[in-house]
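Each structure below is given as structure tokens.
In the two complexes below, chain A is the common chain; its partner is chain B in one and chain C in the other.
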Partner chain A sequence: MTKRILIDNISSKWMLVCLSFFLLLPLAIGTGLVLKSEDLLTGHTLSSLIFSADWSPSEDKFGFWPFILSSLWVTIIALIISMPLCLLAAIYLSQFAPKWLLEFMRPVIDILAGIPSVVYGVWGVLVIVPLVGDTIAPFFNNESLGYSILAGALVLAVMSIPYILNMLLEVFRQVPVELGEASLSLGATKWETIKHVFIRKGATGILSAYGLGFSKALGETIAVMMVIGNVVQEPASVFDAGYPLPALIANNYGEMMSIPSYDSALMFGSLLLFVIILAINILFRYLIYKSEEK
Partner chain B sequence: MSIKTTIPVISKEAAHFQVVPGEVPVLNIRNLNVRSKNAQILKNINLVVPKNKITVLLGPSGCGKTTLLKCMNRLTDLYSELKLDGSIEIDGEDILSGKYDITQIRQKMGLVMQRPFPLPMSIYDNIAYGLKIKGIRKKSIISEKVEKHLREVALWDEVKDRLKTSAQRLSIGQQQRLCLARGLAVEPEIILADEPTSALDPISSRVIEEEFLKLKADYTIILVTHILRQAKRLADFVVFMYYGEIVEYGPASEIFENPKTDILKEYLRVGH
Partner chain C sequence: MTLRRKLEEKFFRVLTALVALLVVFVLAHILYTIISKGASSLSWEILSQEPKGGFYMGGGGGIVNAIAGSFYLAIGASILAFIVSLPVALFINIYLIRYRRLLIGVRFFLDVLWGIPSIVYGAFAFTIMIFFGLRNSLGAGIVTVGALIAPIMIRAMDEVLKTIPIGLQEASYSLGSTKTETAYKIFFKQALPGFATAVLLAFGRGIGDAASVLFTAGYTDHVPRNLSDPTATLPLSIFFQLGSPIEEVQNRAYAAAIVLTFIVLCISITARVLYRKK
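And then the complex of A and B:
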């Protein structure tokens, strides 16, 4: 065998090795988390860990429900705010805006995406928290210190915009111009074309963008932690403080190791986060599969 | 095929074409110029398109045929860099004047493109789309028209059992016929076809060509092609374009048998 053929044969193999590393990594992390949280799992039932709101590590009570609820609230509200905004912005930029505006916006979006999480957090504390506490909450006849689910969601919404918007721009860029021309030539208006043709054609991509946005937002830690209040309670409204899972882990890991099974509980918290993200991904995969079928 | 000669100078007289005696004009283009930032794409186009005939726009790639076609239903609006002046009249309305509802003007013309672009929906909905846009809501009328137009392009028997499946799953030849049917469903007066067979195999191409010959009883067809043999098979009238100008225009027999300009003679000789 000549050297060229040999290299050709090996080349795909070492790529496979690299790929299998990526495949094994989540599996290894998942297994590690399960093993580490075993201590906690032997002493408590799974349902009591997930659905109980009783959190008192010194009494060996670990109810994760407040954390799960906070995480989901913050993430879902953030995406309810950012998803339509991103979709409209992406449609405007790709279909209506002059070319220079799109060219101008690209680096702006990149800069927004590149701002460190902690800076968004500071901005949240300085701007969003007072806004929620002094303006938004009183408007809805509520009292709030400002450190709340809503503040977390607003900061998270702003943070996820560049990420989702970038992906959506790519989605609409890939819709062929001719498809729009076909629809227009049938007498459709531009809006009808966008609604019935572009969004439908891009449905798969839009769903993936939202799915990835959700996963990323759910795991966002620092910025949310700085504005959400970090109070262990089942938030009754968006103006209440919350305590999302990533904040719990970041605040406590490495401390309070004197309390038995605390370490294991935090690992279980990570495992929960991991499983929720996995479930969300599977859900979006399913939706994508469904939209491709059409 | 490319023709390596210098751009011929065309006399002003040759560029003006009058209505061919005995024909009813449906589309009247006067002094149409299209400029982009750094080039003039169409130069002083004057053309009268006769009703219920196939008028073929013939010429080498890049001579402005497609741009001319896109001017006719103002898809040129999508390209902000293009500047149009002159007039294109259909039913006595100058569509470039901006006075008329462009969506209604576009419904007077059915567009068939180089490659089929079925809308991302079912076969049925591809046809129903234009009808719904026209404001037809009654399901029985829509179903009736879907069937009628699928039959018109000889696609009905092939797809009648899977109307609700995605149009993307059809073969490319079937897709092109679907796109033709989709255009016919809005009941246009004119069919604009931009090299409609260029992505198709010879058999599918022949089916489309046969459709066109049948359809000209009810529609006026403007067909862009650079395939000389296709032009000979289909054309009633031929417009020969070169570098954004109309070089020769006339009944097909005259153009093919008695070309006047050297450039067309050369094109006919090379393209044969």
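And then the complex of A and C:
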């Protein structure tokens, strides 16, 4: 008998240890990255790091603005492309389409969301880069190699579609059927019902899906890095090459030991990414929980 | 007025259908591109050999180093993640079930953890490795990817455990079993098919992730023999080979992409079939 209680004791302690590990993990990541970037922060002010465009590590100049700007450009353009597409597709699948199509598409979308980002990157190199370089850029009287902000944004938009679409389908599923039926029985058309009932009722959920999609896209590394060109500059147009933050971190880890403060700078970059994404995630997850509680 | 409403209805019916079709088309196009590009360069040599001399200049050999490395890494990471995820998922559903606010808090927290990008995990793990003077290795990769996929695994297990009625738990207590026995003998058995899905999903995520292994697992032309060897992985193998200007090397990247896609598709389809059967 005592043996059983002893086992129970040990096992519950172990469970608690495991849980605490995960609770402490983000804290540990945050602290670790802050400690590593301290080196950089003592020599430079925070605003000069973020808003200066002067990037030459060998001369001890670390201006992150080109990278932040590239990241924002790519992510925002990607979201502008994918937001309406996801919403309309979600409306079709959940409202207009026959039931079997929705049942069929749900796992398919799920599976597509699991395709590794490097595969999206390969597709981007094969299809999107030539498309931008040979067709879209000349159409706007622009010269571009194809490796550009726009190419990154297109790949990112396609990548985020399964992710956002999945969440949107969930949002529409949670709207009570009776609400829609009440609206229909009052003589509203299907579309009017969707417009006035479903979208309004699901507004928080839709917003959260977009928000989480944004944070996911912001942290995406390898696929974007493969098509965006990786040139340190403040992109002036969408046909210019860019250099987003995650790509900076991923590209330079090899040489970061050879230049003083370089490793610290890269960790500062990770810290920026971590803080921004964590904040966005907390905000929108909170919104989701609030809307589910109601 | 009525005509305008009818037209609006028609217009949006067609528009949403077209957009849905476009989305399906684009996603199908990705698979089509990968398969049509990769199929022609896929050969037994590529699947079964390590890179030979001058591999990255177009020399002979294959990508078995990356295939084996990816499997070692993802299997190791899944096992590690399972070892820590199982107690957490059980703890949430057995010990915390009576504390609603705490329960919501923990789930919320795990969801947030899920959102941290893998490059941040990679960078953080790298700083720790430097701190302890460790080199790139299979072991370091396993730990990093394990930490990355554990939140996914916990939440997937949690979703399964959630569905177990509380009466089962009470019945088990009333027969005199301890919480641990209830957890591992009753809950674990009940949720086993769901757990298989959770592990497979996390495995699929782990095998496809590139940004976290870039720093931690390194890259090598050989199949790793032990945990302290560096290891190649499929996503990085694709990435590096595609960066080469030589066509033969690029073709091998397409072949590797097909292999990776095939593995991930198989895993996620199996995961869903298992879940449906239950």
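Things to note:
FYI, the second predicted complex is superposed on the first by the 252 of 294 C-alpha atoms of A that agree within 3 Å, B and C clash if a C-alpha of one lies under 4 Å from a C-alpha of the other, contacts with A are read in each partner's own complex, and residues count from 1 in each chain.
FYI, a contact is a pair of C-beta atoms (placed from the backbone, for glycine too) under 8 Å apart; a residue touches a chain by one contact, two chains touch by 3 or more.
Predicted model only: the values in this text are computed from it and were never measured.
When the two complexes are overlaid on their common chain A, residue A:Val232 makes contact with neither chain B nor chain C. Judged by the touch definition given at the top, the superposed model places A:Leu41 against neither chain B nor chain C.
Applying the stated contact rule after C-alpha superposition, one finds that A:Leu131 touches neither chain B nor chain C. Once the two complexes are laid over each other on the shared chain, residue contacts for A:Leu287 go to neither chain B nor chain C. In the superposed model, more residues of chain A are touched by C than by the other of chain B and chain C. Applying the stated contact rule after C-alpha superposition, one finds that A:Glu192 touches each of chain B and chain C. Once the two complexes are laid over each other on the shared chain, residue contacts for A:Gly180 go to chain B alone; chain C is not touched.
Within the superposed three-chain model, A:Leu102 lies out of touch with both chain B and chain C [touch as defined at top].
On chain A, the surface patch touched by chain B in one complex and by chain C in the other comprises residues 189, 192.
If you check the complex, the residues on chain C that touch chain A are 5-6, 8-9, 12-13, 15-17, 19-20, 22-24, 26-27, 29-30, 33-34, 37, 84-85, 87-88, 90-92, 95, 104, 106, 108-113, 115-124, 126-128, 130, 147, 150-151, 154, 178-181, 183-184, 201, 204-205, 207-211, 214-215, 235, 238-239, 242, 253-254, 257, 260-261, 264-265, 268-269, 272. Interface residues of chain A facing chain C in the complex, by the touch rule stated above, are 4-5, 7-8, 11-12, 14-16, 18-19, 21-23, 25-26, 28-29, 32-33, 36, 84-86, 88-89, 91-93, 95-97, 105, 107, 110-112, 114-123, 125-127, 158, 161-162, 165, 189-192, 194, 212, 215-216, 218-222, 226, 246, 249-250, 253, 263, 266-267, 270, 273-274, 277-278, 280-282, 285-286, 289. Contacts from chain B toward chain A in the complex involve residues 73, 75, 78, 80, 103-104, 106-107, 109-111, 113, 115, 117, 119-121, 129-130, 133-134, 166, 179, 182-183, 186, 192.
Against chain B, in their complex, chain A makes its touches with residues 98, 176-189, 192, 196-197, 200-201, 203, 293-294.
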